[in-house]
Amino acid sequence: MFSSWVFLVKKCYQDTDTSLQSSIITKVKGVTFTNTSELGERLWDVADYVIPPQGENVFFVITNLVVTPNQRQETCAESASVPDALCYEDSDCPPGEPVAAGNGVRTGRCLREGSAQKGTCEIFAWCPVETRSRPTKPLLGEAKDFTVYIKNFIRFPKFNFSKTNVLDTTDRTFLKSCKFSPENPYCPIFRLGSVVSWTGSNFQEIAVQGGVIGIQIEWDCDLDKAPSECYPRYYFNRLDNRFSGNSISSGYNFRFAKYYRDAAGVEFRTLFKAYGIRFDVMVNGKAGKFNIIPTIINVGSGVALMGVGSFFCDLVLIYFIKKSHFYRDKKYEEVRDLEVLAQMAESSQQSVAPDAAGLAEQPEAQDEGGAQKENGCVCGQLLQPARSGHQGNGKVNVEQLQSLQTVEA
Amino acid sequence: MFSSWVFLVKKCYQDTDTSLQSSIITKVKGVTFTNTSELGERLWDVADYVIPPQGENVFFVITNLVVTPNQRQETCAESASVPDALCYEDSDCPPGEPVAAGNGVRTGRCLREGSAQKGTCEIFAWCPVETRSRPTKPLLGEAKDFTVYIKNFIRFPKFNFSKTNVLDTTDRTFLKSCKFSPENPYCPIFRLGSVVSWTGSNFQEIAVQGGVIGIQIEWDCDLDKAPSECYPRYYFNRLDNRFSGNSISSGYNFRFAKYYRDAAGVEFRTLFKAYGIRFDVMVNGKAGKFNIIPTIINVGSGVALMGVGSFFCDLVLIYFIKKSHFYRDKKYEEVRDLEVLAQMAESSQQSVAPDAAGLAEQPEAQDEGGAQKENGCVCGQLLQPARSGHQGNGKVNVEQLQSLQTVEA
Amino acid sequence: MFSSWVFLVKKCYQDTDTSLQSSIITKVKGVTFTNTSELGERLWDVADYVIPPQGENVFFVITNLVVTPNQRQETCAESASVPDALCYEDSDCPPGEPVAAGNGVRTGRCLREGSAQKGTCEIFAWCPVETRSRPTKPLLGEAKDFTVYIKNFIRFPKFNFSKTNVLDTTDRTFLKSCKFSPENPYCPIFRLGSVVSWTGSNFQEIAVQGGVIGIQIEWDCDLDKAPSECYPRYYFNRLDNRFSGNSISSGYNFRFAKYYRDAAGVEFRTLFKAYGIRFDVMVNGKAGKFNIIPTIINVGSGVALMGVGSFFCDLVLIYFIKKSHFYRDKKYEEVRDLEVLAQMAESSQQSVAPDAAGLAEQPEAQDEGGAQKENGCVCGQLLQPARSGHQGNGKVNVEQLQSLQTVEA
């Protein structure tokens, strides 16, 4: 019973394919308008705020920005927030030496404002250096209403089965208007704000200091059923250390620059320190389909291990169980002659047979020795609970193999 | 026989390493010339059409383009192809609200051309907005003659074995002139048009609307052989949903922009909607090398499971097979005294021995009891077909373990 | 003994999770100053030399550069280093045909300097074409002092356990000043020069011609212990073919361009051929935690296979060992009546029991037949060495399953 249940539930009759081929195409949509003193009125569209633009499985949406425009290669004062740049006199600023964790190379001068005792070293760098700190309100807070369309194509090479996560509908407006939700799992268009909330995070908080969110797509397909039964499941997780007390290790940001040339051909740049949300889309899956080979193997090794199990059971019953006297008496009471005894030497092994799922015929039906039959029955009845445990044992070993295959992806 | 065959074919005597370390470097070559009304005469080289430029395992080659030059942050009419932008009067355009799936934020005015009843909302956006549709003939159709050089370095850490897919030749011109083909598998330089055709796709079609192509490199190395026997195999697959009737979910494109500043320092940009082919290079592999430990383990567990198998066989033979009378008679006919009978209680187990591959000595050679010997033989002969099946069983279980290791990568 | 040792060492009592969720955030720090004839005095910061800027698990640090500034779309002579561009007369340069492995499309003219017999075809291309060769001294050789901060967050979904590789300290200055070293493994800030040297490479050599370096982070966590016992281990490997005699297949470089517009709106660009080091950060790991299910399964299948093992041992002892006469005599000397003999038919199987780890009671304690007991003991003593080997066999099979789980990641 138990072993058959394991066999069916674990689909031991199926050949499985875990070498999923997958491709992800992502496309973010949405615009937002900002009006700040640094940038003036500005509209942000996808080409502005998605990095990189290619629509791969990893993409970053800018939600907050520190902009340092018009940087040029020249000399200026290092930022006062860099500890290594503090100086009292020129000798504190050895020329040619880079400022540790700073923005440039010291020129040898100590710049002090007015009559201040303390200043910062003058550096050769992209000047002016970045001095502004992170806005406490996200610049692109409206990003929560942006959407991302995730196209996932998968293929199981062993079964030459391929599918996408996009519902194959002729209704062209479906994809133009739908939004993914637990009630609408066939629409692969996700609102960023919803994705963040499904991970248990607060959008405003992640938008201010940045973060990483994992979107997992899982395909677990039983190809013995209809293709429509093979559909993706989505899981959302926060993948950065949001609870760190250590502010230096929380959030996610990086710097990049846009380079320009002025009329004289001199290069200048705008430096951006971008905070935002990185989305990592990950796919895994497996497919199973009936195949006679694993069926035989699993039935076979199940039977093999069950055989051992029943020997062990028999042993336990005969020697360790308190009622062993009764059992031994039952087992051997009708022994009458040598030949029957010889058969009996095999009899303990017979208990393998009744459980061999693949064998339809009952062993007793072909059995002629009355003594044998009775012993077999008694054995069979007494062993029932213990044996099924051991069948479980044997089967679960197979199950363990199966679950190994599950774990890989 | 069968079990030995499995043992040899499945290389159960080898230790395997599936934790492949791999690095991919790709380099696309080729130039093409276009002459369009928007762009004029233009030459495209690698720095123009490969995104990202780093030569990683995923790279994208532009084959088609919609260019919208000289976009500036200002107000203009939204594209008429955006359903949400249609308006009859100004009140249809609530100011400050972004156009759904549009390019900007409404200013509050409805722009109608001439005396037309219907128009589109005025928006603040990167203006003018993109209005052109996809060219039906690929701009960079000549991309089919571009080549990509795929350098793959692998290392099996367990065996400290490393290799590349580049033939280690002293002939410097080989790599400058060769092209990969089924007849020339040692040249890792691929013509894009050929790669596309090997996936069964049409280059012009994929060039127009874009697509994703997977290039798989497989290493299956037997390190007991010469290093030159360890070479890569290449597989090519189309990894996007080419047969979708739903046009919104087919192809591959994305938008990116190049940003400029004019003499007054005002930013403007050229927006590109790029269609093209994304290539995903994937590597997997395993290596095997003789090792005494797995040899012992596999011989051992094979023998162990075979033991069980033979018990089961014996049982089947004695009780279920129609000729059981004959077999039982044969088995027990020469029983003469108690001691021999006692030995016989073990005799059914003897059938394990002849197959135990590791045991060179034949058990019969040390056998003194004539009755025993004959029984053993009879058993051996009768069991032959059934038993090899069960050896297979035992062995295939080991095989299953091995193939598990194969699947991971 | 051996099987218990395997059970404990291999942690067969644990449930394991190998489906690690991981995110990597990298941040490079450091500036360097160069003074070359092409570029003049220039300071390089992170936004200049790290590609791509996003701080993902793969990042590239420029260490050497060939710069070709002010390229425009026009006609010029092809580089003489391109073999296909050599010409003697105009007919060698069919117009409209791209130069193989060259930079542009032939215009039909053969450009010869002065009275030289040989020249190169005129091409339409980004002119002037790149002609400089790789500097033999790395431009950004100081990159060896740059540091990279690798933030790794992991999560084992099965146990809902998450951790980062950053020591959770309240000491804010720790991360500002520490450097990773074998003596300081809890500081995830790596000096690039040290990373290169740990792979056994020379920094100046890799900086000149480029290369790929793998940084592996391994988590092997026993969640039955304190969370602080779950920490990452780092491994560093060179992942490109450094020993190739074939210069075309060694090193790592790629070309990219920065695009500008002049006052007239004409596009020009600066082409960079960047040599440098690509770092691939890879994470794998597994976690184990006590669970009753795998404990039962492993004990069970161990016992099952041991059972087989002991049968086989018994067989070997009785028939193959030279002292078999002694053993058989010992085994059967006290046989007196039919019933005892019948018990004996089971007795060889009894040897399973003493090893069944889960069974605390000794089988002999409940045994009443003196003959049985003595036989059991003799069997037990004689079998001891052989049997533990076979238990090992059984157990190692389980061990094999476990190690399979180890291999995946």
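Read from first to last, the chains carry the letters A, B and C; within each, the first residue is number 1.
Simple rule for what comes next: contacts are C-beta pairs under 8 Å (C-beta built on N, C-alpha and C of every residue); 3 or more make two chains touch, one makes a residue touch a chain.
Every value quoted in this text rests on a predicted model; they were computed, and no experiment measured them.
Asker: Among the remaining chains, which ones contact both chain B and chain C?
Answerer: Under the touch definition, chain B and chain C have A as mutual neighbours.
Asker: Superimpose the Cα atoms of chain A on the matching ones in chain B and note the rotation angle, 0 to 180, in steps of 5 degrees.
Answerer: 120
Asker: At the chain A/chain C interface, shared numbers over all numbers used: above half (same) or below half (different)?
Answerer: Result for this pair: different.
Asker: Express in whole angstrom the distance between the two chain centres, defined as the mean CA positions of chain A and chain C.
Answerer: Averaging C-alpha atoms per chain gives centres 18 Å apart.
Asker: Name the residues of chain A that each touch 2 or more other chains.
Answerer: 52, 260, 263, 305, 308, 341, 345, 401, 404, 408
Asker: What does chain A use to touch chain C in their complex?
Answerer: 51-52, 58, 60, 73, 83, 96, 98-99, 101-105, 124-126, 212, 214, 216, 237, 239-241, 244-249, 252, 254-257, 259-261, 263, 265, 269, 271, 278, 280, 305, 308-309, 311-312, 314-316, 318-320, 324, 328, 332, 335, 341, 344-345, 348, 390, 393-394, 396-397, 400-401, 404, 407-409
Asker: With touch defined as at the start, can you tell me which chain C residues reach chain A in the complex?
Answerer: Chain C reaches chain A through residues 18-19, 21-23, 25, 27, 29-33, 41-43, 45-48, 52-56, 70, 151, 153, 155, 157, 162, 164, 166, 168-170, 172, 175-176, 258, 260, 262-263, 294, 296-297, 300-301, 303-305, 307-308, 338-339, 341-343, 345-346, 349-350, 352-353, 356, 359, 361, 363, 366-367, 401, 404-405, 408.
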